[in-house]
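Each of the next two complexes has subunit A plus one more chain, namely subunit B in the first and subunit C in the second.
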Partner chain A sequence: MAAQVATTKVPEVRDITRIERIGAHSHIRGLGLDDALEARQVSQGMVGQLASRRAAGLILEMIKDGQIAGRAVLIAGQPGTGKTAIAMGIAQSLGPDTPFTAMAGSEIFSLEMSKTEALSQAFRKAIGVRIKEETEIIEGEVVEIQIDRPATGTGAKVGKLTLKTTEMETIYDLGTKMIESLSKERVQAGDVITIDKATGKISKLGRSFTRARDYDAMGSQTQFVQCPEGELQKRKEVVHTVSLHEIDVINSRTQGFLALFSGDTGEIKSEVREQINAKVSEWREEGKAEIIPGVLFIDEVHMLDIECFSFLNRALESDLSPVLVMATNRGITRIRGTNYQSPHGIPIDMLDRLLIIATTPYTEKETRQILKIRCEEEDVELSEEAHTVLTRIGLETSLRYAIQLISTAGLVCRKRRGTEVQVEDIKRVYSLFLDESRSSQYMKEYQDSFLFNETQSPQMDIS
Partner chain B sequence: MAVQHWADALRKAKKTALISDGKRKAHYLFEDGNEMAEEYDLKTDELVLRKWRHKTTFGGQGQWTWEVGETNPNDITSDVIKENCSNPLFMRKDTKASFQWRIRNISYPVEVYSVSAEPTERCCVIRTSNKKYYKKFSIPDLDRCQLPLESAALSFTHANNTLIISYKKPKEILTLEQELLVELKKLKGTSEGDIDCKTQ
Partner chain C sequence: MDESAQQILENLTEVEVAAEDILADKQQIVDLDLRRNRNREAFNALRNHSSNDNVKVCFGNMFITFPQESARSMILKDQENLDKEITDLRKQLKTKVNRLNELQGKPALTGYNLAPLSSAEMKAINSLIKK
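Then we have the complex of A and B:
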């Protein structure tokens, strides 16, 4: 009976917004630099790669200054040496106000639009325009909130909100969404609030002075404010950051901003873009708008072909271009679309424009540190010996493979009801999952028994 | 001079007119991309409706905003927040000789209200001594022609739960409206049915 009660216990209500999935680089919170731009050995999820991080820090300062347009940076290094991690670190340190667009080199090969269109869209997504816009807000002191739940228990709630200023008083009908956000913000009678009419966003300004009592128990963060004056509905200037691409989309069709939601934007005419560039520079001269050059990050840049590179060469010369960060793990290889070989698969004239940051393989100590950080991120406890074994695996196979083993070993450990991952658990998953070199070894041994092996064909060209 | 400026803007605007259900409807597309729509009663030639659509900051199309005429509050189907139907309803409805505003559904006695013009802010203010209603409104017609605002021209009455505020139209406005009406009547509008309408 008691057991039954325990199983039917209502699960705790968790705040939905706090559940996040763990990605490959979710442990990175910045570049881990101090004020003098020196890299700390272990900081903000980054380990080692001191020189590259310092270099990235200098680039970051350049971006933050916002003065220089159209610089390009290449992060080159072996697989699993933290190239994407450095790019993510830059994105994290820039903060939410600077546009950061990340894409993979292969993303531009779409059937719906040309390669250069995809690239120009990506470029324009990485340029932000900060501009003042007027919106309608309701600002007032809450006199009364009344929320009625339907008697049947189901159906929409209805609510009324009475707001006042020093001059007037108005009753509002509330929609379901509004009722939810009001109760989430814990708005009570006596609070002074603003409501954005278009988005329905509520912000609490504080408590009204008229409601202040001598012996009220208040949190220290509660502020007292005056009851607003004049009309309840006001027009207020707010600062918005939109990307050039968003302005393009709004202007490229007569349906206006609805196109933003329909997803399919198609190609945007170059005349529209020119008009918008002219308009934006006009705003800038009048002091109405501010241009925020952001970052465009292209991962796996060797996937771009010769046409894209020549387009990039040209695009980087525009004064409305972002800082371009690229990453590649290739050595000397064929440039896509030609028969020429070139370092990183990038033409020499393009390479000439780049600042190149090299990443180097991690040392044993650094590998150990990274594995420790990942264990914390994935919520797996590792014993000292297991940690050593995993570090060896990481050094001898690859760091990625070792990271993959963390969560699988954690699961094996949980199945045997252990609290800490032991060497046995690591051994178990090591035997269950092949790493890349063991897999190739296996292939070489058993190649003959696989399908379609009757005829000898030349090796497939994968470059 | 400023009157002339507005008259020129009207003249240069691309005008389309049509007559349907007893109203003369006119649409103006101005050079800056803003749009204005007007409706006149065929019998009395009174302005029934005037609405504006301005370009948004980023060049997209905005919403229609009513300047004159009845706004339908039920039209705004916002599921977020809207004014309760028990609140006073503000609208403008002009007569030949004056600009006129009506506030319906307002039941306080006449002593409560005070209406004043504030020339510095270029707006009129309605106040209530019981602090239940307050409204600031401008007269766009005067703003467009940059004519001064005079408190003497302002008056108000209250009857049948409605507060009516009138502002006597100045001479300049009256002549301008006359001219515009003549101009509109000259426009060859299709009498009924579909006309070519550029949608894209």
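Then we have the complex of A and C:
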């Protein structure tokens, strides 16, 4: 997908109607690779990290080909070096048809659900099943409905329905049941309707354009459609993609409407899962379904404990397994649930299975670019000097802090009715909000006046 | 004309031929469906025919009197043939559309070659899709 954008050089069209809150990674629209999977310096919201992006691009291609089900990738790097950005880039490039599930490592800790259940659900959400629905329908514009009521008032009604397309016209004899559903749908001459051949279900598509002048007083909700073309009796094929988890859910629900209201389903029995697996593989053998291994992204993966890692080890070996992408910003640290130290807080046996992509800190030029992109995303105009100052701040404190300053400086600027953020605005917010190192500095100086300062525990180790 | 222009012309001709073929098939389906609907109308008319006399059946531009029973079976047989022909045409159409896409360098349609789920299976899945 990224490659296509590169060749055609079409300006990236953004959906205007979709108004969303601006998230930290809302500017990312792909991995920014060209046809040869080479990363371009600035593209699709991505800046720098050329090697990691190229690596991610390779993995993306393999995911698209469906080649690497049951593999795992780890994106490791210092805080603020674009780990989540790369994962988002992968998600965006996959397109809507491939399932992408994102979760944070800490999400699995819940009182209602065991850790492994939460992980299994996440796994199964990331596997899509493509199926096809085929229906025979009769589609046409109603020319005339004629219903004969028996003179006695009781007894079976009979009637005739004339339907047409641009090519043909025909008369159907109607039975009682059909007449009932026609009057229930309030079908009149001039409506364009479809009749499902298998179930007899009638749906109204709208009114025909040729009948537009029949009524002057027309509700605004009346929809006008063209008279259908071609044959009356058509075959309609629709391809759907559902996730394995969704199939699990409908099958684990007991009857009773309470289940409809509670969004989350609690634990799903392993028998249900096994049945679904059997059914899906049966469908696959019959050519009725295609499995689409998607991507499960676990951010902050060092939050998982040793039990989860051993579960992951096992789960990756199942033939219904998605591609697992994990991200962490930890160095050599304790594995949760043990007293052992390990790189990234991940057990060695798990690490052994992973393809590891490293991200490196951004250079000055790249920081500048990222800040520019974020300014565009947050609709803040930045003067040249302010941009330079902000870049320095970004380099000396952290990129995240600099990004935080964009919108706050934008607000200060708007307050003084300026159109462009100047150095003064940046200075003002810089003095108003502390960055991490100044805040720690402040703590060190004044910690005697804070409460509970007698604890002399070492600082959190994130290196 | 130099070689590359010749090549382009050949490619375009190929695409046009494939497209024309698809359009012809589509028209054929429409024509067959028209006949199918006429047959259905005729069959309904016969069913509502009260007396047991012979009926007049129109062949091309000639009316022939037939016993009702044989007229009925004739129509039924014709319907069966028509149904079969339409299904065959639709099947062919799929491979033809795939070929056209290939010629034009478009990606194949996803899930195009899947077999459909049965109606019972679809019913179970439906609650997922029609949210």
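Assume the second predicted complex is superposed on the first by the 324 of 463 C-alpha atoms of A that agree within 3 Å, B and C clash if a C-alpha of one lies under 4 Å from a C-alpha of the other, contacts with A are read in each partner's own complex, and residues count from 1 in each chain.
By definition in this document, a contact is a pair of C-beta atoms (placed from the backbone, for glycine too) under 8 Å apart; a residue touches a chain by one contact, two chains touch by 3 or more.
Owing to the predicted nature of the structure, the values given are computational and were not obtained by experimental measurement.
By the touch criterion defined above, A:E237 lies against subunit C but remains apart from subunit B after alignment on the C-alpha atoms of chain A.
Residue contacts after overlaying the shared chain place A:C227 against neither subunit B nor subunit C.
Once the two complexes are overlaid on the shared chain, A:I250 sits against subunit B and subunit C alike. In the superposed pair of complexes, A:L174 makes contact with subunit B only, with no contact to subunit C. In the superposition on chain A, no contact is made by A:A358 with either subunit B or subunit C. In the superposition on chain A, A:I195 contacts subunit B only, with no contact to subunit C. Counting contacts as defined above, subunit A residues 131-133, 167-168, 170-171, 173, 230-231, 242, 246-247, 250 meet subunit B in one complex and subunit C in the other. By the touch criterion stated above, subunit A contacts subunit C in their complex at residues 97, 130-134, 167-168, 170-171, 173, 198, 230-233, 235, 237, 239-240, 242, 246-247, 250, 283, 286-290.
Residues of subunit C that touch subunit A in their complex: 26, 29-30, 32-34, 36-38, 40-41, 44, 48, 90, 110-117, 119, 121-122, 124-125, 127-129.
On the side of subunit A, the complex with subunit B involves touching residues 131-133, 138, 160-161, 164-178, 195, 197, 199-200, 230-231, 242, 246-247, 250-251, 254, 256-257, 276, 279.
Every residue of subunit B that touches subunit A in the complex is listed here, in rising order: 56-61, 78-84, 86-87, 127-128, 131-136, 199-200.
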